[in-house]
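For clarity, chains are labelled A, B, C and D in written order, and residue numbers in each chain start from 1.
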């Protein structure tokens, strides 16, 4: 029965992928990515990878769809033109796929318990982690303790990604509702009523339901954070779920409202705090005479207790950073002012409608370096030859 | 000769190739990123299906009165750990990619690869033409030693 | 095959069949709203599939997983709706 | 003995729920236009999911049964809300019922935005008593 379900889900996954590839409407395609991630998470569950399925569920269905749609709202939501089958690409793909399939012929069978993968290391974790760490969830034990440095690096990547999104898109936020005073201390009723009710009018039912549900979602996030030692869950999942709660708030009440309550300037700091908690635990372990992220030294008489404390703190750090990064990514995308420039399209002979003339061309750096400061000044002032007489 | 029972890898490879085809052949950047996330999921699927053990259960100890039940076959937890973090990192990096697409759309007025390439090509052409023109002008001016305009001082 | 396993297998098959039908509707369209409807339906079916799988594998403590699905699906559908209505996430469309 | 009885009851509910799911799925494929497809999806979301999860509760230990109950509550709220707002959005965007006799109310153009706004503003203020209308 399990095999049958797995096969059917794989077929569904492939069908979704192919439909997605053929879909020109990017809006529909982003919905298909949502379905794709739902199927793949079901597949993870059927293959017993509960924690992976948990993460995919939290990330794929919610945040990933939201980000895709946010991008589409800032660009176009239809591919510009029909592209015929690209034969070179198809050749590359078929060759690569053929080589890979030839390679799989030497792989161990699906589900073979004697495969190389299930060798020394996996057996060590399965046999010993209960005695050494004492948490029921082996994945959490490995994630936060045995491979703690690895997870630290992954968290660093998430942090850097959040920073990069801020650097790329953070500059041009659309203004907060202008009302004179600083937005933080303003009473909600003092704002212009028409603006306030812009979409409250639109969806009263959704708004009421979201109001009721939000606290429970946050509660559930904390439950996942704390329960990660005993069942599927942990810092990554909890962080994403918490961020989902804030995204729900942003979707229903508007991103400006979200930014007003959770200012990105504060989130930027929180983002770093989580990473510092994680690293700090490791440094404290070193100060107590152990190795980086070796939690046993916290309670020398009973090392497994130390592991519990260490894993709790580390997961807390992960949760804080992940949730802050996800909220900040959403807020940055959602408050970005859309570009008003019309879309440039190619006609049948691959010619653009806009012509690039020499005046539009920004100077290449060497040329810019060769120009004198007076020249640049003159260009800034009037750009005529007469202005070039200005003394430098 | 009997074929090995590796259909899961075949499914993963086909999935991966669909993603790769989208990345190579589709001109739209958002579509490319969608293909990239297909690719990513297929890699994750590859690892997770490697960790599967027939008859095994999820890698969470089954507890009987506070002690793990003996002789239970568990799935391999190591791929799960690796892939769990990979998913979160994947969405974060996808967000960076989407941010780049937004910036490209703002700078070029299009998020299609061929339009961007065409615009780039023209820009390089125009810049080359401009540079050639400037070089010709400066040659002419230094040869005749006519007026020394401010814009030509640096060549003198 | 025990009663539990038989019932859960039947439910799993029914859910998979419904998933296929939802995927068909998502691929077919014709309007955007049909696709959103299919996404919603698909999400519900995934929640049910995970719940049933938990019982089929005799590890029913996975129910948290199903809850996350329900939640994220709701958020996803809301996002899609908001986008389809305004074409933007900004406050004043 | 008690367990067996409970399991049989649960099995009945699970089977009924699964059948409702399939029926709703068939509805989503076969029904002619968007609004009636909403009906098919709604059957799956409420009757199908509800009966199936309630049936699963008969098989589950107490804590899991509680989680299932919470799940049912959550699904009943969230799916109904999303289907409702979906239908509303589709109506306001001008999706029409097909294959209906003329002079049906849905053939008529949608109400002018001002009137709709007024109605909805009333609803909003009723739903949110802390805000003065």
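Definition applied: a residue touches a chain if its C-beta (ideal position, glycine included) is under 8 Å from a C-beta of that chain, and two chains touch if they have at least 3 such contacts.
For clarity, every value in this text was computed on a predicted model and none was experimentally measured.
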Chains contacting each of chain C and chain D, listed by label: A
Chain pair, A-B or B-C, that carries the greater number of C-beta contacts: A-B
Chain centre separation in whole Å, for chain B relative to chain A (CA means): 14
Chain centre separation (chain B, chain C; CA means) in Å: 28
Mean-CA-position distance for chain D and chain B (Å): 39
Between chain D and chain A, distance of the C-alpha-averaged centres to the nearest whole Å: 30
Chain B, residues touching no fewer than two other chains: 57-58, 60
Touching two or more other chains - residues of chain D: 74, 78, 81, 85
Multi-chain contact sites of chain C, meaning residues that touch two or more partners: 22, 36, 38, 57, 61-62, 64, 67, 71, 73-74, 78, 84-85
Topology of the chain contact graph, where touching chains are joined (line, ring, star, complete, other): other
Touching pairs among all chains present in the structure: A-B, A-C, A-D, B-C, C-D
For the chain A and chain C complex, residues of the former touching the latter: 1-2, 5, 8-9, 12, 15-16, 19, 27-28, 31-32, 34-35, 38-39, 41-42, 45-46, 48, 50, 53-54, 57-58, 60-63, 65-66, 69-70, 72-73, 77, 174, 177, 195, 198-199, 202, 206, 217, 220, 223-224, 227, 231-233, 237, 241, 244, 247-248, 250-252, 254-257, 333-335, 337-338
Of all residues in chain C, those that touch chain D in their complex: 3-4, 7-8, 10-11, 14-15, 17-18, 21-22, 24-25, 31, 33-34, 36-38, 40-41, 44-45, 47-48, 51-52, 55, 60-61, 63-64, 66-67, 70-71, 73-74, 77-78, 81, 84-85
Chain A contact footprint on chain D (complex, rising order): 74, 77-78, 81, 84-85, 88, 117, 120-121, 123-124, 126-128, 131-132
Footprint of chain C on chain B - complex, ascending: 57-58, 60
Residues on chain D engaged by chain C in the complex (per definition of touch): 7-8, 10-11, 14-15, 17-19, 21-22, 24-26, 28-29, 34, 37-38, 41, 44-45, 48-49, 52-53, 56, 59-61, 63-64, 67-68, 70-71, 74-75, 78-79, 81-83, 85-86, 89-90, 92-93, 95
